[in-house]
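Going in written order, the chains are labelled A, B and C, and every chain counts its residues from 1.
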Amino acid sequence: MTEFWSVWIIVLTLGTLLICAALIGWDVKQMEEEIANGQRSPDDFYDWGEVTAYDRPIPYGWLYSFYLCVFFALGYFFFYPALGRLPGVLHWTSEGQYAQESTKHQAQYAESLNRYAQMSVPEIALNPEARHIGHQVFLLYCQNCHQAGGLGTLHYPNLTDQDWLWGGSPEKIEETISQGRTGVMPAWGALLGDRGVEEVTEYVVALSGRFPTDPKKVGAGRAKFEEYCSFCHAMNGAGDTMLGVPNLTDDIWLHIDLETIANVSLLETHLKRIISKGLNNLMPAHWEMVDGVKIRLLAGYVYSLSD
Amino acid sequence: MTHTQPLYCDKVVRQFAVMAVVWGLVGMAIGVWLAAELAFPTINIDIPWLSFGRLRPLHTHLVIFAFGGCALFATSYHVAQSTGKVCLANQGLANFTFWGWQIVSILALITLPLGMSSGKEYAEAEWPIDVLTTLVWLAYAVVFFKTLARRETLELYVANWFYGAAILAFLVLHLFNNFAIPISFWPMKSYSFYPGAVDALTEGWYTHSLMGLFLTGGFLGTLYYFLPKGVDRPIYSYRLAQSHFWAMIFLIPWIGPQHLLHSALPDWVQSLGMVFALLLLVPFWGGVLNGFLTLSGSWPEVRKNPALRFMAVGLSFYAFSTLEGPLLAVKTINASSHYTDWTVAHAHAGAMGSFFFLIIGALYTLIPSLFRQEKMYSSRLITVHFWLTLVGIMLHLMSLWSAGIMQSRMWYAMTSEGLLRYTFLDSVHAVQGFYWLGTVGGLMSLLGMCLMAYNVRRTAKPCVRSESPKSSHGTHAVHTKHSTEAHAEAHAGH
Amino acid sequence: MQPTFPKKKIGWLIVSVLSVINIGGLVEITPFAASFLGMTEAQIQGLPADALRIEGRDVYLREGCGTCHTQMIRPFVAETERYGSPSVLGDSAYDHPALFGSKRTGPDLARIGGRYSEYWHQQHLRDPRSVSLGSVMPAYPWLQNTIMDGMQIASKMRAMNTLFSYTCPKCKTYSEKEIQESQGKVRGKTEEDALIAYLYGDVDQPGGLGHRFSQKR
């Protein structure tokens, strides 16, 4: 803020306050004088026909309360930032207050968390208090996607089973939580064409152990799968946890809501859409939102879910 | 108290008074619908123009501008004429203000549910409506101030000061706040001229000055006329009224930042907003004191007259809200209350408890004379309306206060490890019951409003005689209540 | 006995009221706007929203999302733990109007960019209760059915360039190339795509809701 605006604020603020207080005070004093001179009496009465009014003196209690408030205002301006660039005697700032609150919060709770800092993820999974804290972190930052109990839903993995896209070891779980993951599958619709997509779909259905509606396409689908899809999904469709690529030979479908699928042809419709348009899933990185110990505790809790 | 009213140019007053009741009903119905949506989020059955986000601005627009605006027009036009003992300055312009204001309200009714919103709180109506509003408002200012200039009484009665300030303030607020670059006429779309936090501060300035100058100005103007008239007693202290008027005018435009405490705005602005809000307590209470001291000794009449009861309750809520407001402006309290339902409760305690109750009382007092009746069709219905609304608003407020405190407690709660104890969704679940209760309260008030509409309809028998066709030029004789012979003569002449 | 107000001088009342009521704004808004104009590039935090996100933000405005969701994180530990680091002036420099909001019926959204996948936003918008049990948010299924034609986006961007030139000298503006290509980027997409693009933000190049959770780490 420039000096000019600072002075502008100071002058107009103090001026407004003082003029306001003075105007009212002057008015009261003037009336007192007029009553003393006999120019008016406290029982003066005005008449506009439908309404009338006495012109009684302003109650002193009201006036002094106002003065008290003005005094409080001036006091506040003395101690706190309000008048332009003047920082106030206390040099208080909202950033400073937040920094103080943060530091105090860290200090207050660091100890209660640090006792878990040396525990490993499996140790945390076995420790009820530690698990409980991990559960609390889960509720705050994970439940919106992974749902209550980590049971997952469409697009968000079930954390209670043994199927892990990126590996289920304690280190991998902690890494996943901290760094986040992206689940990107390219769109194959343009390259494969409609017929190609159908063929690959039938093969994938067969891979998962279900019966495709048009088994004649499976052979051609397999050829295309081995030519294009095996780079990520592996020749046998088992996937790759280094890249987060799912195993297609199980009957777990992260991106298809199986509850809504009564039959295989509905499954195929969804698969065709996925193969054609691709996928872009995200698990956000949590290293910013949740600091180190809490991530460890969270990982311990998640690890315990699949035990 | 005599009931024979002088003949003023009150056709437009009558029109505005009736439409105030109509818009009050519509605005309140939408409010109840919104409350119900919080309790039952799927009741809009996926219809876009019934969804909460689209209808909330419509509710606030209708209750502040359609209902509040029509009431302001009706009462200010009436008071200017009555205390000036003169007819409205320009009948043609006055008619324009009526029809123009109805068009503004209907346009808002249509466009806001369609999503044509500027996104600025209490100013969501888009730019073409803003232009029409400005034209109507300029006409209003001309009619009102010219009427005051033509008055036969020497002194300008203080209620007119408050009305005048409300009119001038809204003009300034409206023009500055709605300054925008238009994108298209249909759908109506514009972008606010101001960027980010500057826009937020301008909005805060607008909303709080709207409450303090426009609504409270209208409230106090109405209070200073209809209260002493209703109990047939003089105002306690005219000088106090003048003093607190000036104190309010000086201080209110400063309190915008109380909307933005603990935000990204600089500390100095926040301090000013808070301190001036606290300073305003005493000026607001000037009105409270004057009101209660005027009522002093007349409580038996208040008990007997349900319209007076409305006004007395309005004054009581005013006393309360003008304590609550500065309290909420204290930064420490605001840290807990901001963003919760407590703010919503405060808005309703002020806008509905205070303004609405007083205006309804004033309308019940004014409307019979506008239809040349001695009194409203049914006094009992007014009493029922009163109790329904009082119980309804208390239910509503209690629910909102409870929800607000619950939310702030839950948002701040920490576990012993320093983690947040509750998710946001937990706080939503916790207040579900309060949303139900609030809806029930709203329904009661709405029912009361329906009774009022019926009562007004039954009171509105066709006028026995119409006004003088020369009224727009003010050349016909103005009759006072004391001149009964001249009164009869005038009637014979028409 | 008459009170002392100048008798027929209505003009005095008008002039004095008009003068007095403008003092507050002159003291608070004008200096603040002046210092806002002086913001540095570093304070402004990056680029304005791209074409699709502009449309998304306009959907946000149209549906009244700001009546229930705020975009202003206050400097309290309880808030920053939940929502991210406190909001600063630069976060909203490109917003016309501001989207700070005044009520949290739903959570603050200032820093949700990148915190939820696009799928989550889709599910949440089409049926909030499918991912947030007990939510009171209405469903917005009609957004996926409205396909945009992009007829207005170029004029919106030009309007914004005008606004930025007056109100934010250090803000970046849209290049002519971006404006020419804007309709192509928007046409054929649904309003749901636009809104999700806005909510999801762009985590690497903040604009709109794309700010990282913590500015300071």
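Note that in this section a residue touches a chain if its C-beta (ideal position, glycine included) is under 8 Å from a C-beta of that chain, and two chains touch if they have at least 3 such contacts.
None of these values were measured; they are calculated from a predicted model.
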Subject >> From chain A, the most remote chain by mean C-alpha position >> reply: B
**OP:** Could you let me know which interface, B-C or A-B, is made of more C-beta pairs in contact?
**Re:** B-C
**OP:** Take the average of all CA coordinates in chain A, do the same for chain C, and state the distance between these two points in whole angstrom.
**Re:** 17
Subject >> Rounded Å distance, chain A centre to chain B centre (Cα mean) >> reply: 37
**OP:** Please work out the Cα centroid separation of chain B and chain C, and write it as a whole number of Å.
**Re:** 29
**OP:** Could you list which residues of chain C touch at least two other chains?
**Re:** 2-3, 23, 27, 35, 75-76, 82, 86, 132-133
Subject >> Interface hub residues of chain A, defined as touching at least two other chains >> reply: 9, 13, 16, 46, 55, 84, 94, 105, 140, 144
Original post:
On chain B, where are the residues touching two or more other chains?
Top reply: 155, 238-239, 242, 246, 250-251, 254, 262, 272, 276, 419-420, 425
Subject >> List of chain A residues in touch with chain B within their complex >> reply: 9, 13, 16-17, 19-20, 23-24, 27, 31, 45-46, 48-59, 62, 65-66, 69-70, 72-73, 76-77, 80-84, 92-94, 105, 108-109, 112-113, 133, 136-137, 139-140, 143-144, 294
Original post:
Mind pulling up the chain C residues that touch chain B in the complex?
Top reply: 2-3, 5, 7-8, 10, 13-14, 17-18, 20-25, 27-29, 32-33, 35-36, 58, 61-68, 70, 72, 74-76, 78-79, 81-82, 86-89, 91-107, 128-129, 132-142, 152, 155-156, 159-160, 162-164, 166-168, 171
**OP:** Note which residues of chain C are touching chain A in the complex, please.
**Re:** 1-3, 23, 26-27, 30-31, 34-35, 75-77, 80, 82, 84, 86, 114-120, 123, 130-133, 212-214, 217
Original post:
For the complex, which residues does chain B have touching chain C?
Top reply: 37-38, 41-42, 44, 46, 48, 51-54, 56-57, 115-121, 145, 148-149, 154-156, 161, 164-165, 168-169, 172, 176, 181, 183-184, 189, 191-203, 205, 209, 213, 238-239, 242, 246, 249-257, 259-260, 262-266, 269, 272-273, 276, 335, 338-341, 343-344, 407, 411-412, 414, 419-420, 424-425, 428-429, 432, 435
Subject >> chain B to chain A touching residues, read off their complex >> reply: 82-83, 85, 153, 155, 157-159, 224-225, 228-229, 233-243, 246-247, 250-251, 254, 262, 267-268, 270-272, 275-276, 278-279, 281-283, 285-286, 289, 415-421, 423, 425, 480-481
